[in-house]
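Below are structures written as structure tokens.
The two complexes that follow have chain A in common; it is paired with chain B in the first and with chain C in the second.
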Partner chain A sequence: MVSKSEEEQLNRLESQVENGGGGAWEYLCLIRKLKIRRSDNVLKYGLTILNDPKKRSSIGNDEWTLYEQVAIAALDCHSYDVAKDCIKVLRKKFPESKRIARLEAMLLEAKGLWEEADKAYSSLLEDNPLDQATHKRRVAMAKAEGDILKAVEWLNKYLEIFMADHEAWRELAEIYVSLQMYKQAAFCYEELILSQPTVPLYHLSYADVLYTLGGLENLQTAKKYYASTIDLTGGKNTRALYGTCLCASAIAQLTKGGRNREDKENQDLHSLAVTALEKDYKKRAPSKLPLLTSTLRSLKLSS
Partner chain B sequence: MTGLGFVVGVLGVLFLSHAAYSTIQYKNLLKITEDEFSGPPMNVVLELVLGFMFCMHAALSVPGKFQSIHPDSEENRVVSLPANMEFMIFNHRGRAIISEMDMKLKL
Partner chain C sequence: MAEDLVLDTAIRDWVLIPLSVVMVLIGVLRYFVSKLMRSYQTPDPKIVKEGQVILRARNLKSAANFIPPKSFRARRIYLCNEENGLLHVPKGQAQNAQAQMFSDPNMAMDMMKKNLSMIIPQTLTFAWVNFFFSGFVAAKIPFPLTQRFRSMLQNGIDLSTVDVSYVSSRSWYFLNLFGLRGLFSLILGEENAMDDTQRMMQMGGFGMDPTRSLGAEKDNLDIIQHDWVLSKFEQRAEATLRKLVKQ
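Here is the complex of A and B:
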């Protein structure tokens, strides 16, 4: 998870490196730690380290990690020559490694040679059927080919074996959302919330999915999860505040003249969220405030 | 601040060791007068409490600033999820951009 302080550190390092202030290795380490996709920067700064023998020897054994990182970044930037050279260097150092074999298969995959890549992954899986990373690559490859249903099928098979893999659950949830299969996506988000209950963004996505599904019961649950997102982020998540407003007005529309006590609670929550939103906009984007008030007026609870 | 805290800590440890020394002396005295040991004398207890307070103050101030444990605090607040790197796919629109940088790994 990328926390606020880590994000600030990353931005600071990034501008420092961009202005030639050094610290490229720290920057690359942070990117690796936070698992952020900045392939162009990794390629640029990684190569400056790898091409300078003095800098390269100063990082010691981490050199090989950097070669791998740069190779993947090069694949992402479609600089196949760099990727190929990196893999060649790694292959020379570790002739028997399965991890390098996977990189080679990824090179085939990036070039669009699906059949060869598939063959390579299959042979890797034959040697070691419990190789999680290779399983995941196969799913990603099915997705890249445009065969989403095959990706879903493989991912489901994978999750039957490795149920604790939250990254895979997240991927499956995102695929289901893209296929508009919201019930299944909701199930995946439930799994994610169970495995990592303190990550507000899973609560937020779950609430989004429930709100999209609609219906009184789902809306009420969605409202609760938006509220828990607000709780976990200290009220700094604008999307959750908007979600609360939307849920409250939708519930008010569905239960017109219904139970009084819940109606009151609904209104209170709505007005609280509106106040928080207005305060936030006043502080960070005063020019957008009229837009916000007109939007919120159209959402006004009909009572 | 750290220097002061350190001095206070040393003082606290000295107080504690002096309290221990006084207790041993007091026990020896009791052996001579052949009285029962019912509890440490008042000044030792006072010294213990003071020493404890000093040590605690030093332990809290010397190591530096504490970090927040609340998930919703400004530092710990999660702002984004990591990119799902293991499911990364390469045929994205970046393929259409021809890289202007002429990059090469020197072998």
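Here is the complex of A and C:
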């Protein structure tokens, strides 16, 4: 996660560099530290440093880090020749390095030579089965190939060892949603909620998945998670408000007439959500208010 | 009495400053030597996995109330069951860390290297300081201290009448030994500085049994009472919305 002050610092440096005020190296360092994807800028400013022997020698040993950074950025920008040159320089300096071997595999991957890249990654993993970055590259490659099932397989294999890596869980959850395997996706989102219980985004996605799964129990749970999202975001999340309304309407349809105890306790929630939605629309998009009212009426929630 | 003691400036020039400089140089040298001797050792997949399992179990423990009861129970069974739960350690398999250490020569080698880079220079410098500079006062700190500091600041001088604010040369060595961390982090970069106190602590923590922590996590999970907080969240959400609507 990038904090606000860091982002400000980055933007300030960026405008400074763009206007020729220097500080390119600091800018690149910050990008690397924050792991931000600004490949075009990295390529542009990184190359100006690398092509100038004086500037290059002034950064000392970090030169090689910069070569790596620029190589990856070049791959991202489809300038394979630049990437190739960078990798060549690195290879000359570190003939035995595994890290460079991964870069070479990435070059193959970027060119679309899937099989060769796959072979390269596999041999790398054979040497060091705990190389997280290579594992992830392989997943990304399978995804880029369009072979989603293979990506799922690799990802599962990865998570078997690195089961506390919540970013991988998130990736898997999103893949499962795209494959419409909602039960599996729900499991992944549970895992995400466990690792970061106060991130409203995960509550919201979990609720979405549960709502999509359907069934009374899931709907009730989904409503609860929409409620927690509302609470965690202070009622600012429109999707959660809509979700509450949808869940309430679906539950009402399923339990026609026979309302159980729990519903009676919480029946205020969706009417409050409706009011909040209406207020929000009045404030921010008054022209769409009729649309909202008609939608809500079709859900039989608005009075 | 305290005023009578005047320290020769030669002491400053030939003891105090050289001692500090030598300590710094030795620290830097040792850093590079240990960097040379450091061997990259591939971590054991089993140990990595155990660490991850423990992390996940801890997450489950701390955030258990945020997931539905059914999901929680499924996870607990997955982690804790007696047949193939990840946290369950079969009795005979819990191998002794000590035994494991001896079975792996690399590990012993590593420890020896660490020891070498730590103990040898330390002994040498201590002997050097003892031989050349023992038994006299090297510096005076500018504020008074209580008698309790005598053993810390006047190591090597057995005079009870000297004011405590005088520092003996051997004590100056010790102060340098333990107090140069900040300087090293400036010279060698933030994460490279590792002072001896930390090293000693690491030595103490060596040989911890990973299987024991697995068992402890399992016990912790077993006794958790699951109490789903999401029902409370509905009321809280209502309160939030009420406030929002009223504004």
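Miscellaneous remarks
Assume the second predicted complex is superposed on the first by the 197 of 303 C-alpha atoms of A that agree within 3 Å, B and C clash if a C-alpha of one lies under 4 Å from a C-alpha of the other, contacts with A are read in each partner's own complex, and residues count from 1 in each chain.
The definition used in the following text is that a residue touches a chain if its C-beta (ideal position, glycine included) is under 8 Å from a C-beta of that chain, and two chains touch if they have at least 3 such contacts.
In this text the structure is predicted, and so the values were computed from the model without any measurement.
More residues of chain A lie in touch with B than with the remaining chain of the pair chain B and chain C. In the superposition on chain A, A:129 makes contact with chain C only, not with chain B.
When the shared chain is aligned, chain B comes close enough to touch A:78, but chain C does not. In the superposition on chain A, contact of A:140 is made with chain B only, not with chain C.
When both complexes are overlaid on chain A, the residue A:170 reaches chain B alone and has no touch with chain C. Judged by the touch definition given at the top, the superposed model places A:275 against chain C, while chain B stays out of reach.
Looking at the shared chain after the overlay, A:234 reaches both chain B and chain C. Legend: residue contacts after superposition of the two complexes on their common chain; A:5 is shown touching chain B, with no touch to chain C. When the two complexes are laid over each other on chain A, chain A has residues 231, 234 in contact with both chain B and chain C.
Touching chain C in their complex are the following residues of chain A: 128-130, 160-165, 187, 190, 193-195, 197, 221, 223-225, 227-228, 230-231, 234-235, 266, 268-269, 272-273, 275-276, 279. Touching chain A in their complex are the following residues of chain B: 71-91, 94-95, 99, 101, 103-107. The part of chain A that touches chain B in the complex is made up of residues 1-5, 7, 34-37, 43-44, 47, 50-51, 70, 72, 75-79, 81-82, 85-86, 88-89, 106, 109-110, 112, 133, 136-137, 139-141, 143-144, 167-168, 170-171, 174, 198-201, 231-234, 236. Those residues of chain C that touch chain A in the shared complex are 42-43, 45, 48-49, 52-53, 55-56, 59-60, 62-64, 66-68, 71, 230-231, 233-238, 240-245.
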